[in-house]
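In the two complexes below, chain A is the common chain; its partner is chain B in one and chain C in the other.
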Partner chain A sequence: MLEGAEFYFNVDHGYLEGLVRGCKAGLLTQQDYINLVQCETLEDVKIHLQTTDYGNFLANQTNPLTVSKIDTEMRKKLCREFEYFRNHSLEPLSTFFTYMTCSYMIDNVILLMNGSLQKKSVKEILVKCHPLGRFTEMEAVNIAETPSDLFNAVLVETPLAPFFQDCMSENILDELNIELLHNKLYKSYLEAFYKFCKNHGDVTAEIMCPILEFEADRRAFIITLNSFGTELSKEDRETLYPTCGKLYPEGLCLLAQAEDFDQMRRVADHYGVYKPLFDAVGGGSGGKTLEDVFYEREVQMNVLAFNRQFHYGVFYAYTKLKEQEMRNIVWIAECISQRHRTKINSYIPIL
Partner chain B sequence: MGSMFRSEEVALVQLFLPTSAAYTCVSQLGELGLVEFRDLNASVSAFQRRFVGDVRRCEELEKTFLFLQEEVRRAGQVLSPPEGRLPAPPPRDLLRIQEETDRLAQELRDVRGNQQSLRGQLHQLRLHAAVLGQGHSPPVAATHTDGPLERSPLLQPPGGPHQDLRINFVAGAVERSKAAALERLLWRACRGFLIASFQEMEQQPEDPVTGEPVTWMTFLISYWGEQIGQKIRKITDCFRCAVFPYAEHEEGRLGALQQLQQQSHELQEVLGETERFLSQVLARVQRLLPPWQVQVRKMKAVYLALNQCSVSATHKCLIAEGWCAIRDLPAVQQALQDSSSEAGVSAVVHRIPCREVPPTLIRTNRFTASFQGIVDAYGVGRYQEVNPAPYTIITFPFLFAVMFGDVGHGLLMFLFALAMVLAENRPAVKSAQNEIWQTFFSGRYLLLLMGLFSVYTGFIYNECFSRATTIFPSGWSVAAMAIQSDWSDEFLAQHPMLTLDPNVTGVFLGPYPFGIDPIWSLAVNHLSFLNSFKMKMSVILGVTHMTFGVVLGVFNHVPTNRALFRGQEAVQSALVVLALVMVPVLLLGTPLFLRWRHRGRSQRKPAGRQPVEAGGWRESGREEEDKTRMLDSSDASVAGWGSDEEKAGCSEDGAGAEFVLSEVLMHQAIHTIEFCLGCISNTASYLRLWALSLAHAQLSEVLWAMVMRSGLGLGRKLGVAAVALVPVFAAFAVLTVAILLVMEGLSAFLHALRLHWVEFQNKFYAGTGYKLSPFTFASEEG
Partner chain C sequence: MAAPDLRAEVDSLLLQLLQDLEELEAKRAALNSRVEEGWFSLSKARYAMGAKSVGPLQYASRMEPQVCVYISEAQDGLQKFWLVRPSAQTPEEVGPREAALRRRKGLTGTPEPESFPALQDPLNWFGILVPHSLRQAQASFREGLQLAADMASLQIRIDWGRSQLRGLQEKLKQLEPESA
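Up next, the complex of A and B:
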């Protein structure tokens, strides 16, 4: 695409951008969080949320209120907003939206496969699936026994099909293989999304590429962290790293060799972006976890995305911010319902 | 009538409501709509307040109401708004309403559930019947011979005894939108171990939930092998297909079909019965729901208002604070007494002093409302500020008319507005929902005056649809000129332009009695004459208008003379008026005066007190103590009865506490320069009167010349002209209304608005106040 999106961006996407900025203004404020933390019961949470943009989204819920009901309703609300954006979008924004849903679709597929491995009923799993990643063929996932089966029979018509190229194998799907499949799918998804944004150029590339680079590196770190003490070989581990991040290629090589958290930290020390994050991770029980630190960084990047105009990143950023907000509300609600107030303040503030 | 010139006197009042009668008192106040409650619990979050439980119960009820309302709407019926006055129900009635609503909702849910499940069953039966009845070509015959038999040896595991393969069937129905995807998935997943035939259903069964017709496809899948069967079942599950048993033989299918038809007959009867019962329940809901909705809304509003009150130390009464017009105080007192008489202890209201600026209250009627609206759109006046609205009633239509002057156009506008005014009490006109119509309708009196004034200025300009009218004989005589200067026929033929010389006796007989002489419309210098006339007129009008504004600015300070002592800002603005006359003197004068004033006051301060006005103002020596108590008014109000009387205001200090001469000097200089420049540029701004009135005159002139005159000159024969004039006049009329009345009218309106807001009101009107918005049930009843 040509440079200078500002000349024609609004013709196709101006309405949606305006809308998403309006939606972003409806995110909970610091004051809202302070009030939420003071709540005594979930009913109080509900009353407080009623005064925000959530409105009476819980009005039709029968008592007693539970955290999962709140979570489901919040997801539905986000999903409604997202569907609205998507239905009103034009190319290439609609492709961008499709890419956004892909990550949820991957999660859902993996969830269903794990479920069928553990012989749970499909309905039980379906309620856990993220509504943004729903698609028709989803429930048929459990008829597949090998990844190629899965690809050929079920997913070949979905947007997920291109990501399967690297993961076709005739292995039986056991728990480890599903996890490998998950990571490989996600890797090729991230790389494809990255390529899409890069090719799109303009402000979208300037905003989205750093976000996706960070996402890729975060996955690399998390994969490494989770693989300590498992049977995953170092070579296998390296094949799972998404290659579109800042860590590629040297950092990923080093990460593949890492054997404990300190070695990982040493790898991160080479990168100015990640050093402060690892420094912020506190040792012992009082400090932040690596995940929290990453979440904070993500929130920061997403908030900054709103400083530029005429790009698609705002949609991505809004969805991610909203998800973080939902995680925060669920965290607070959990703390309230379990009467475990000591940690109630460790939500991720959205500034 | 005095209330129109300034906002009414509003006082901060404290209401002591005995706990037992608080509810009735507040609900009575809601009916009256006189008091604006202040939130005394601003620091308390919504769910920690006293009556949060009651509010929650009301909300629960509203939730149920919403459900009932939705059900009524789904049945295609409407709820009529309730009639008569419905006071907020006493709190104990809430239980009764709740019980009845719950019972009604439960009944409705049950019936609705029954109906749903019956419909669902019927839907399934229909689908089943359709699957059985659809003549899918017998798959057995077709498949046994060719395809599968040839292929199966290749695909079957070697040695598999494929001779005794049993062919099984899965039959069912699927929504058409999913059929293609289903077929493809089946094919891909089972690799040709099956044969599926799809067929569209003839009738479109209604969806049991939404009630909309949906097209379904029936399908028949024949397959080999149990594993494939399981896969197929999983896939059909995933596509939400309805799968039915399918007998292999024709007779079995026919038998099943007959059975199905009988079942569906029975079901339909039961369904009819259920639906009759449902409509009975709905009728009950329709009758009961609207009054309840209003009542519960009122109840919730009362509890929300009560949530803003604080509790007295003894818990015997609630203390509310609010703004109330002084004129309404007796009415409020009376209402409180009436509604608390049962409780034994009477609720009382009394004024308390306050330092905050009270809200603005200007009562309007249907005539003044639109003019007040023009002013309020710019900004709500400060408390007791001079209200421009009464002057706007005359000046606005007048300035509009200066730009819109034309007898014909004005008359049309006047008649349109008159029609609206005469029809204003008709319910059809009142309840019209069209937004554009509502805008015009709410400004009908404004339009009426604008039309009237346009007629007047039209007479002055002597223009009626751009034509001059000769009401009085013209002041110029052409005949006298012709006779005096012996114009021969030849001379007249050679000279298209002739000059009338007023110095020749008998030519100029004296000025035209009213407005512009019609003879000017014949003159070639008509335009330049009008130009100079209109320009001078605009400047004169502008200067007059602005001077009037400046004079009003004086009144902003004169009656509330005490304000002069209150702060330097007020003093400054008052003196600015004088500064116009002697700018250089006052550039220094005001600050020096202020300094002198400041010094004088600081010396006088310990001794002097302000004169006592109405209410609870008392002399008090313990000024300092009271001040500190004032700072924490919520505490003070809880503290008890006695202290309120002593809380004398300390109005004059505070603002005047700090005085920096250089700053005042600077402000003064800036203010002065700004004002002088403003006056010049504002005067120039009034030239828009000239420009727009000229534009209007020229536009209507052009329209006349291009359309009507060419139409009139079409044919000399009577018949031709008459026929041609019909469309010509139609075009003229449409263009007149569309361009000259609507478009030009809007533009003149806009400019008149600007002249009022910017040029007129900035001379005296700050508009930084806020409206008194009393607690009222008006919105709950609507």
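Up next, the complex of A and C:
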């Protein structure tokens, strides 16, 4: 679409790109992590975080400090930054930001529906919803009993509406159907996001498309791994795989037939990008899990996104890197609060 | 009772008591490590799934127990603790079964013919496709449960053993001055 982005990009988006690069410089460094790992209590963690970009974000928290509170406050801070970017953005960056929030919206919808299965009050769940995925119709989600209900009554006006094409059914929403709905919505969302980036072309497509391809393949692998030993049939499993990745179409067919981890590994061995990842997975309970390996790869790709200028990928990459940082801090905090320090260094350093 | 017999009995009781104590300590250490592993696996699951996906939002405030404790009395009057699964309701009890279905599905439709509400695996509260760490957590906690029941039985035995021992030692003291 807009070839030669270096001529036009800064007119509309230069300020925000500069801002996000400044924010990226505020991510925790290796030294920060070393300091955090040496903390004895969560109060120490709070004190150490005050010296970083986080500042006094925990100042208003009542005692006792819990890991959940730290996580909630970190999310709020990320949301404030994101909303600032979003409010100052112009098209097509605004649509890009909307696409980014859709994944959090899907997570919130599923959280609300699962909560209603467990007879939780809507207020209780709304407090724990991801702030980036907030939308006005959220409170009405729990009244829906089938996916068609959910679409027609609640979500038809939201950005999630186009992703409901494959999900419409009259099945009652129990745990299995909610899980299927979750994955199908996410699959449609990812494919739509991929198409948007590809149509935009230019550097954005060059950076975002490989990232989204990796996300699609990662979903396929993780869904397969977690489905071993469950009631999910192979045919159902295949309908959940996003098709915008490198595995499409042969890899996905093979993956749908896999019955254990080794068969999955053999599928991955056909792809030069994924073979080294699977080789890095440690056996048993000692080494890295597949999720860890995938998170590392995601961090690598996101850090590399900052090497190019004049594209929207920096915003996506910054948000994802910030999320990894939050995961790291929560992990370290949990190890400290449970006094189980053997694996405290399993975080993924970013800078 | 003659003193030597009594002494032999005291000895064997003491040995049994010490053995039980050792077993209790071993089981306690195992329980602690299982519970610790369980909580740690939950943290790993939170890392993989998201911090709010494994927490108080996912379980109801009222739960049906998966495992019940059943107390039986052995011949020597000692109580033993067993872990049992509460048996599923028989099909003739239509009333409570319908109510249970209605609570779960929220519909006044016909109850499904194939299965009555089988005990739900709590793992499914977190979704169908859960990571391996969550399954590991469940396994650790289950093992811990079995250990807890064993420990309770052992503790009752130890208490009984101690009271027996005290009784026998009293008797011995009474006999000693006589034979002295």
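By definition in this document, the second predicted complex is superposed on the first by the 350 of 351 C-alpha atoms of A that agree within 3 Å, B and C clash if a C-alpha of one lies under 4 Å from a C-alpha of the other, contacts with A are read in each partner's own complex, and residues count from 1 in each chain.
The working rule: a residue touches a chain if its C-beta (ideal position, glycine included) is under 8 Å from a C-beta of that chain, and two chains touch if they have at least 3 such contacts.
Treat the numbers as computed from the prediction; the structure is a model and nothing was measured.
Applying the stated contact rule after C-alpha superposition, one finds that A:227 touches chain C and leaves chain B untouched.
In the superposed three-chain model, the partner touching more residues of chain A is C, compared with the other of chain B and chain C.
Contacts of A:71 after superposition: chain C is touched, whereas chain B is not reached. Of the two partner chains, chain B is the only one that A:39 touches; chain C does not reach it.
Once the two complexes are laid over each other on the shared chain, residue contacts for A:152 go to chain B alone; chain C is not touched.
Applying the stated contact rule after C-alpha superposition, one finds that A:48 touches chain B and leaves chain C untouched.
Of the two partner chains placed by superposition, only chain B is touched by A:138; chain C is not. Residue contacts after overlaying the shared chain place A:235 against neither chain B nor chain C. Touched by chain B in one complex and by chain C in the other is not one residue of chain A. Those residues of chain A that touch chain C in the complex are listed here as 67-68, 71, 107, 111, 114-115, 118-120, 124-125, 128, 130, 145, 172, 174-176, 178-179, 182-183, 222-223, 225-227, 230-232, 285, 289, 291, 327, 330-331, 334-335, 338, 340, 343. Residues of chain C that touch chain A in their complex: 36, 39-40, 43-44, 46-48, 50-53, 55, 57-61, 105-107, 124-125, 127-133, 136. Those residues of chain A whose C-beta lies close enough to touch chain B in the complex are 35, 38-40, 43-44, 47-48, 51, 59-60, 122, 136-140, 142-143, 152-154, 156-157.
Against chain A, in their complex, chain B makes its touches with residues 45-47, 52, 56, 63, 66, 178, 181, 184-185, 188-189, 231, 234-235, 237-239.
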